[in-house]
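Both complexes below contain subunit A, partnered by subunit B and then by subunit C.
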Partner chain A sequence: MSSVDAQIVALHAQIASCETQLQRLRDQLFEAESHRDISSGAATGQTPLSLVNVAPSSHPTETSEGFSHQEKGQKVAKIWPLDKHEYRRYGRQLIMSEIGLTGQLRLRSSAVLVVGVGGLGCPAAAYLAGAGVGTIGLIDGDTVEESNLHRQILHSTERVDMAKVDSAIASLKSLNPTVKYVPYHKRLTAEIALDIFDQYDVILDCTDTPASRYLISDSCVLLEKPLVSASALRTEGQLMVLNNPPLPAGNAQGGPCYRCVFPKPPPAASVVSCGDGGILGPVVGTMGVLQALETIKIITKGIQRSSEPPSLLLFSAFSNPPFRSIRLRTRKAKCSACSAQATVTREALESGSLDYVQFCGAVSPIDALAATERVSVVEYSRLYNSSDAAMNTQPSIKEHILVDVREKVQFELGNLEGSINIPYSAICRSSATASTDPLSQPPSEDGWVAQLRNLAEDRPIYVVCRLGNDSQLAVGKMKELGLDGGGTRWIGDIRDGLRAWRKRIDPDFPEY
Partner chain B sequence: MSAASSEDVIPITVEFSGGLEMLFSNQRKLDFSIAAKDESGLNSNVAFLVRYLCDNVMKDPRKDLFVLDDTVRPGILVLINDADWELEGEDKYEIQKGDNILFVSTLHGG
Partner chain C sequence: MASNRPPPGHFELLYFAAASDFAGRNTENIPAPIVATDLFGVLEQRYPGITEKVLSSCAVTVNLQYVDLEGEDAADKDLIIQEGDEVAIIPPVSSG
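Take a look at the complex of A and B:
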């Protein structure tokens, strides 16, 4: 490196350090001024007058336009720390001691990244924009679907099929046009995570897979950023503020990371998505709003100044009390990401050697049955319609038995006439093998087994579900329980389930 | 119940959350008593409780959604009286009268 290059590097470093110091001085100045205000009282008419343009400019993406008011031809005007419109817009939070002028300036000079613009990300981003966070980045590779709208409040009916990021920014701009919004139209991957995260002060994990949660946490640890992580399913939600304070790996005073709390990923089979398990809008909305709240707390208090012990907030909408706070561990001494022995390094992450998707595993498509045990919806429709015709369009199945193994609540949304509902949850609980517990009763035959046994023994059983996975497992279970009469009765499933039925046979069958 | 027998068992509350209740016949909260000593005559600890739940309370045959390698599977937090069990000695924590033990499966939806 030439001496000129070295000098340039050194100067850059010096400038960065001075800027940091300057920002700190500004923070202190405003704090001091607000104290003086309180002690001297507003009656004197004295207002703090700053001698410098106070628009904080430490952040590279900060826009400072509109913050300086010097009218021509007049004596130097007072320069207020906030623009006129900002006093009005943020007035209701400015007058609270928890925010105040210092807090508002910190919000304005901060940059927050929202990863995932769905049920969590929408409400979180809305409240952050409303509060006046200076820069909000949004990452998501998906487009808006109709089934998102009951909970993803930034999107709208006319924006179905639009990129979620663009749809969200359209809403956010109408909410608060003074915020700078940065779109990233892609799914977060290890290749891009560090470069993007580096430009932000706080990261919000609003994603929906274990793989992304580990990637986000690792990136936050490496870049020393606080992470506000939430998740939700059905009627429950969970919230954690991680890596806060965001101290370097190896510093035990730093907050725990996702790997400290969950060193190993859950088995893929135990991970349930909102699409499969369901989600209530206000439940996930509550969690997203809480993420915005925690983010505002972190920023207004000043990053690095956290003193709150790590905790996990559990929300269960149908329990009493609905909220519960759990004390969490501190940093794990052997954590693979945030301890002194960390193996999750910048190099490992960037090189792609940490395969997050593989680390978390994937559920391989269920392929439990032989081809002879399966029929397509087209094949089944012939059978279904012929039995229909045979009965003079009376919807009754005489020649075979159709078992729908979806849960009752789904069955009631729409079903094929003549089908019998036996939920998979009941089927999988039945056991043919004796319990290992000597104290338990000999297994009595479950109601549904008896029900099927009592139907004419020779009629074949067709099993159907939503997508064609549970139906295969149900067939296996029925055979295990001897319902096939040792091979005399055919039991099989309808491939790809009712989704395929709707696609290929009956487009009016309800989609959900 | 005689005084002697009440000393042999410990009344506790066990709760399930995050979907684990589905493995336990949709019960979110169970109040019951557990033997004060385990199979080897040692004070009952959380490891013993997990075995007990698995063998006696859980009707669902998908045991691997609750235990794996003789302990709760990854992705389940065990909370003893509202604190992470890692703060209390993990599965070696000896169960006390009136303890509240909560099993939470981590959620991923968003």
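Take a look at the complex of A and C:
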């Protein structure tokens, strides 16, 4: 090591030590000032705090002024840093060395923003409110739906259709009325992000789209705020503490941002929501609870003083081991948000020139088929019912073939009589290579093609799915594979899928 | 996805989220050693289309360490995946 290198290392160490000392002094000052502010209001303010009456039974902090006179002003009761009820409410965490009085005071004076009040935001906000975070902001533009309730634990059956933010605050107030709750009844956009984030110390990303993840990360880098980011789908979850320590862009000592870890958004068509992919309540709940935990750790340790190396925690509930902690790299040297070469600037973000939706690719409704390749549920119902009346058994199979391309588990929840289940995932895999390299395909994946080929080739194939998107793509793949016999067999889909079937034809068909 | 030791001459590849959907499996053993930057090419041969649809946005880890393989000056561009390594393909999950 050269002498210059050694000097740099020594200086770093010296600065770190001074910063620690400085923070300690600030904490002491904070506590001393809070004592002075209160005792200066008392007539006998000079009484040394250590000499005052400290009898707990007569402790005065329950009075609104926070002090009282006893024995005609001869003694001033000691003013405790926390209110009496706070010692009781937070007692179980206060007695832990990781929190203690300093940690609790930091929690009380902190403001945390929860973006998204769903499966992640609900448990995260609940534990933060419980722990005594002073101010909690909640952003969400959605209303509560019945299908949210299995995982979004702050909402309730009576509050279906209520704004999620209001529903959450109702629960949180009942949990801890001493916290200040700030509602934002809107979806987060670039226009409002910086103004809102600026008022908070830590930001929690509990959202559900790639665009919001990049917007939130960029905003946190620009405003130098630590970001606790989590996500979950099906049985898996991810957790990262980003931009921590929250140093200015270009400072290599700062923590990596979302773009450092995932510089490219996933292709828009591949993005699966919880509504489409499914989500297990405790899986997303676990991730939300961990967000609260990481937030409490950041705040009680003192923002700016994080020394934990950055990591990505992977939770895979049905795997062994269920948790894996990935060591992340430091800030990327060419990161577009947090490096010295950053192109994400405050001006760019505020002016809207960073189009997050476009960056992540807008998902337009799939419109892959010609009108002649599609029928409505009403048209199909005539066919379905007429063959039903004529044939009695296996009706639709006799005259035409109905292929339901939902995944097997959904097919089993309810299906149209006589339909054949060929999951879209299997169709996708087969068609990708069937023509070029058939040997690489497991034999079972071609099974469905053979199955359809073996059915009388003149019978038309109707393809149906849940919403009418996969069915169109499935029709395309079937034609690619030559199942239409070069145009002799009609293959098409049922527009808007089984959702339309339930709405317009059979209201008893299960909704999920 | 029980983490078993891969057989001699192989490393273990773990697929998460969208990667496991595309591959239709959670784990598989792949011959080692290979240069880390060749990994996507090997997977593209096995699962045509996976690079564009999944891998291009994924994080890659080797033995629980995030590796940087993107671009000319990537920090880990010379990394060799060795026999017995645990490699993971981690797509960004955005829902919640």
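Everything below uses one rule, namely that the second predicted complex is superposed on the first by the 418 of 512 C-alpha atoms of A that agree within 3 Å, B and C clash if a C-alpha of one lies under 4 Å from a C-alpha of the other, contacts with A are read in each partner's own complex, and residues count from 1 in each chain.
We adopt the following convention: a residue touches a chain if its C-beta (ideal position, glycine included) is under 8 Å from a C-beta of that chain, and two chains touch if they have at least 3 such contacts.
If you're wondering where the values come from, they're calculated on a predicted model, not measured in any experiment.
Visitor: Once both complexes are superposed via subunit A, do subunit B and subunit C end up clashing or fitting?
Guide: In the superposition, subunit B runs into subunit C.
Visitor: Should A:T207 be classified as contacting the first partner (subunit B), the second (subunit C), both, or neither?
Guide: In the superposed model, A:T207 contacts both subunit B and subunit C.
Visitor: With both complexes superposed on chain A, which partner does A:R327 reach: first (subunit B), second (subunit C), both or neither?
Guide: both
Visitor: Tell me the contact category for A:L113 with respect to subunit B and subunit C: first, second, both or neither.
Guide: Touch status of A:L113: no partner.
Visitor: Once the shared chain is lined up, is A:L222 touching subunit B (first), subunit C (second), both, or neither of them?
Guide: Neither partner.
Visitor: Counting only touches as set out at the top, which of subunit B and subunit C does A:I494 meet: first, second, both, neither?
Guide: neither
Visitor: Show which residues of subunit A both subunit B and subunit C reach, each in its own complex.
Guide: Overlap of subunit B and subunit C footprints on subunit A: residues 116, 118-121, 206-210, 213, 230-234, 236-238, 261-267, 269-274, 277, 279, 284, 312, 314, 316, 319, 324-329, 332, 425, 429, 436-437, 440.
Visitor: Where on subunit B does subunit A make contact in their complex?
Guide: Interface residues on subunit B, with respect to subunit A: 17-19, 22, 28, 55-56, 59-62, 64-65, 68, 73-77, 79, 82-84, 86-87, 102, 104-110.
Visitor: Could you list, by residue number, the parts of subunit C that touch subunit A in their complex?
Guide: Those residues of subunit C that touch subunit A are 1-3, 16-18, 21, 24, 26, 46-49, 52-54, 56-57, 59, 61, 64-66, 68, 70-71, 73, 75, 88, 90-96.
Visitor: Sort out for me which residues of subunit A touch subunit B in the complex.
Guide: Touching subunit B: residues 116, 118-121, 205-210, 213, 230-234, 236-238, 261-267, 269-274, 277, 279, 284, 312, 314, 316, 319, 324-329, 332, 425, 428-429, 431, 436-437, 439-440 of subunit A.
Visitor: Which subunit A residues qualify as touching subunit C in the complex?
Guide: Interface residues on the subunit A side: 116, 118-121, 206-210, 212-213, 230-234, 236-238, 261-267, 269-274, 277, 279, 284, 287, 312, 314, 316, 319-321, 324-329, 332-334, 425, 429, 432-433, 436-437, 440.
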